[in-house]
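Look at the two complexes coming up: chain A is in both, with chain B in one and chain C in the other.
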Partner chain A sequence: MGAGHGHRLHFHGHSVVHRAPAHLKILALLAFVLVVVATPRDWYAAYAVHLAILLGVVAASRVPLGYLLPRMVIEVPFLLFAALIPFIAEGPQVAVALPGGWELSVSEPGLLAAWGLAAKGTLGVLASLTLAATTEPDAVLRGLQRLRMPELLVQIMAFMVRYLDVVTADLGRMLTAMRSRGADPRSPRHWPALARTLGALFVRSYERGERVHLAMLSRGYDGRLPDVEGAR
Partner chain B sequence: MTPVLDLQGVAFAYPDGHQALFGVDLHVHPGERVALLGPNGAGKTTLVLHLNGILSAESGHGAGSVRVSGLPVTKKNLAEIRRRVGIVFQDPDDQLFMGSVRADVAFGPANLGLRGAALDKRVMDALEQVGMAEFADRPPHHLSFGQRRRVAVATVLAMEPEILVLDEPSSNLDPASRRELADILRSLDVTVLMVTHDLPYALELCPRSVVLSGGRVVADGRTYDVLTDDELMRAHRLELPWGFDPRSIPVDSLPG
Partner chain C sequence: MHVPDGFLDAPTSVATGVVAAAGVGIALRRARAELDDRTAPMAGLVAAFVFAGQMINFPVGAGTSGHLLGGALAAVLVGPWTGALCISVVLLVQGLFMADGGLTALGTNITLLALISVVVGYGAFVLLRAVLPRSVASVPIAAAGGALVSVPAAAAVFTLLFAIGGTADVATGKVLTAMLGWHTVIGIGEAVVTGLVVSAVVASRPDLVHGARGLAARRPLVTSEAAA
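Coming up: the complex of A and B.
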């Protein structure tokens, strides 16, 4: 399996965490996230314990934090939203001293809500990234299958994993073609063209889906992906 | 001898009313390698999709009959028909949809009910035939285009078809990959129907050619005779690449 050829989120290794069965890792992640979400926001010590456990697992997996942290940028929109809450929430105000003698008045429940959102979000994202870094996408899917996830959903996810790169490459080529004809996809002036490109990408992907389905039918597909685990 | 493919009066119109085929008769006998030539829009793809029952008189407005080694293509026989007719589509990314080369090649035979060691052997045999055995555990999207095309051929060979149908096998291949694929196709002991615009490739691999134009078969004969019939070629928008002249090729290097 994937000798240095795994998915972008995957970090190749042979640690205990890498070797653990995927379905157990998925269950552990689910349990961890549920516990974190259920922890009241003001049990600060509990969050320290959660973080310690998580960092323990990361250390055991020998995935460097320097690999995981940059991939956490996906969380930034949530953090921005969390940062806004103290300024827009109602309730008793509390003054926060700023350097230079200034004082900032923010909502106290808002501050607590922001802390909760940021802490729970960060723990959840870091835990999920750890799963992704230690488990091949294929293994995650097989784990879900063992956990009796409905077959159709597993199939849909499998195709998403398989075709993500193909569709991304399609989009990359279309954007290059746009740039080659003097349009900058980033400039708002060219957003209408970008929107049409995305529409075309959707149609292309839809048509590809139909061709893939034809190819599957041609090889005897009957609505159920065969278990090809025997072939290894 | 029962022909592998036996098409009689196959006509087909798409639901939007566009008529693609107007009564096609075609026979392909065991062991033959036949090229299906024709300009864009001639109905080649529509014809190919009739061969394994994706399209049929039952699914649209059509007529005629298709038999594969004597077995009529009907809903009842679809599973067996799709085992007998292996279609390799033009874009390997459409054909390779599983997580690894091995799982992809196993998909067809597993649908036929093979399991365990028998399945494993079928998979590795097919990969050997196209020279891709060492890539069995790689994800398909990490292979080069030429390698993916070869794996696509293996996915179909693994079903041990009676006829291999290839849609534009040489498209988008670099000359070396194109030649390697030709070597592989020549080495296979299977009947081949090859849809192509690559006329030198047809001449190199297929002793016989069928020309489809406007939904009808307009020529059926030795590839050399078809390609050197200037009037026929002009009438059906077939053109040889610049500088290529079939007459300049030594007769004993032609297949057949």
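Coming up: the complex of A and C.
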């Protein structure tokens, strides 16, 4: 477990947003996305306000937008779905002029729904990315603990986060080995080989869990973790 | 597959959040009964395994790709309660640490992908296992069957939620047809991979597979005396 303890999305910094207590950031994010989701689609000005608040927080965090924007590709499939809605939704049709003199007949409520989906989804993804970029995983876990998330659930999340890089690197090495022997893990033709790889990964992960548990017991584990409880 | 913010309206999101919290609470208690103080490291490592498995993307055509969902797979390998718990933790970590799946949609995602797919997938698995011959070889086939129905089941419940709290008025019938059609195709891929993975684990460590408990051949200890 040498390298890779860093957060995939974390952007190191010391801004006000970075230093704010994690539990307050989680609550603020939850409140923000709830308000965004509850905002009626045709209150266009309200969306401008939401975006301004969010960009203000991003500016205060000194995380460059160039860092956050490429990571928003995660929502592209849903933007594609949103783009489909005007064509399949019910309601009165409206003609949209396209460049080149073409006209396209689309559903008017569908157009509004597509805008709502795209706007809400985009604001939500950018806000979540801002939390992930400014908060270390340990801090998020302590924040969840302060928000009274069940202790056991926090511990399971802590173990998953801690061993994520170990397990994914394990899989990465197995896939490299497959490719070096001429197999393509993505192709259905080689699914049997991939499945044996995943089976081996499960056995390795499960056995690693058993070893970790025994190691913890030998160090006096009694069902509580000292380091997630804010010893730092 | 993760539902983002804004897909369902606020009341529906809050309601599914309550369902998800209750479901995860029950899964926590039952998983602890199964694993006692091993729960945290074991469930954490299995969740990391599910996450790693989901990282392999398969091209499904038209420039899009799909990945394993793993609900039925986790339920067969480690049991339904621990399985549902692991998938929930994967979704929590993806939502909170990786901005994958909206925070307000977390309840919806957990309800669909962790609770519904595990309940339906494991239920179908148990039914199939009861029908098939009692042997270890039946376990992967039953697991594939469970995976096959778990994906369209989650899609059907999503359609129901979309009809109640959807933010676009698309005819429910249209959504249902599209969702079921598309997710049956995804379910076939999920079934093949799930069955193959379970058969790989059953071949090497049948004792680890929750769904194969009581089926693994008991090999009697042969001592030199008996052999002689």
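Here is the rule we go by: the second predicted complex is superposed on the first by the 209 of 232 C-alpha atoms of A that agree within 3 Å, B and C clash if a C-alpha of one lies under 4 Å from a C-alpha of the other, contacts with A are read in each partner's own complex, and residues count from 1 in each chain.
The rule we apply is simple: a residue touches a chain if its C-beta (ideal position, glycine included) is under 8 Å from a C-beta of that chain, and two chains touch if they have at least 3 such contacts.
Predicted, not measured: the structure shown is a model, and the values here were computed from it.
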| item | value |
| --- | --- |
| Chain B versus chain C as contact partner of A:S128, first or second or both or neither | second |
| Which of chain B and chain C A:D138 touches, first, second, both or neither | first |
| Touching partner for A:P21 - first (chain B), second (chain C), both, neither | neither |
| First, second, both or neither for A:G220, with chain B first and chain C second | first |
| Which of chain B and chain C A:R208 touches, first, second, both or neither | both |
| First (chain B), second (chain C), both or neither touched by A:P64 | neither |
| Partner chain in contact with A:L117 - chain B first, chain C second, else both or neither | second |
| Which superposed partner A:F159 touches (first chain B, second chain C, both, neither) | both |
| Touched chain A residues, chain B compared with chain C | C |
| Where chain A meets both chain C and chain B, residue numbers | 137, 158-159, 161-163, 166, 208, 212, 216-217, 221-222, 225 |
| Complex contact set, residues of chain B against chain A | 49, 52, 54, 79, 82-83, 85-87, 89, 91, 93-95, 97-100, 102-103, 106-108, 110-112, 115-117, 119-120, 123, 137-139, 141-142, 155-156, 159 |
| Residues of chain A defined as touching chain C within the complex | 7-9, 26, 29-30, 33-34, 36-38, 41, 71, 74-75, 77-78, 85, 88-91, 109-110, 113-114, 116-117, 119-121, 123-125, 127-129, 131-132, 137, 140, 144, 150, 152-153, 155-164, 166-168, 170-171, 175, 185-186, 188, 191-192, 194-196, 198-203, 205-206, 208-210, 212-213, 216-217, 221-223, 225 |
| Sites on chain C touched by chain A in the complex | 4-7, 9-10, 13, 24-25, 28, 32, 37-49, 51-53, 55-59, 64, 77-78, 85-86, 89-90, 92-93, 95-100, 102-104, 167-171, 174, 189, 192-193, 196-201, 203-205, 208 |
| Chain A to chain B touching residues, read off their complex | 1-2, 5, 137-138, 141, 158-159, 161-163, 165-166, 208, 211-212, 214-222, 225-228, 230-232 |
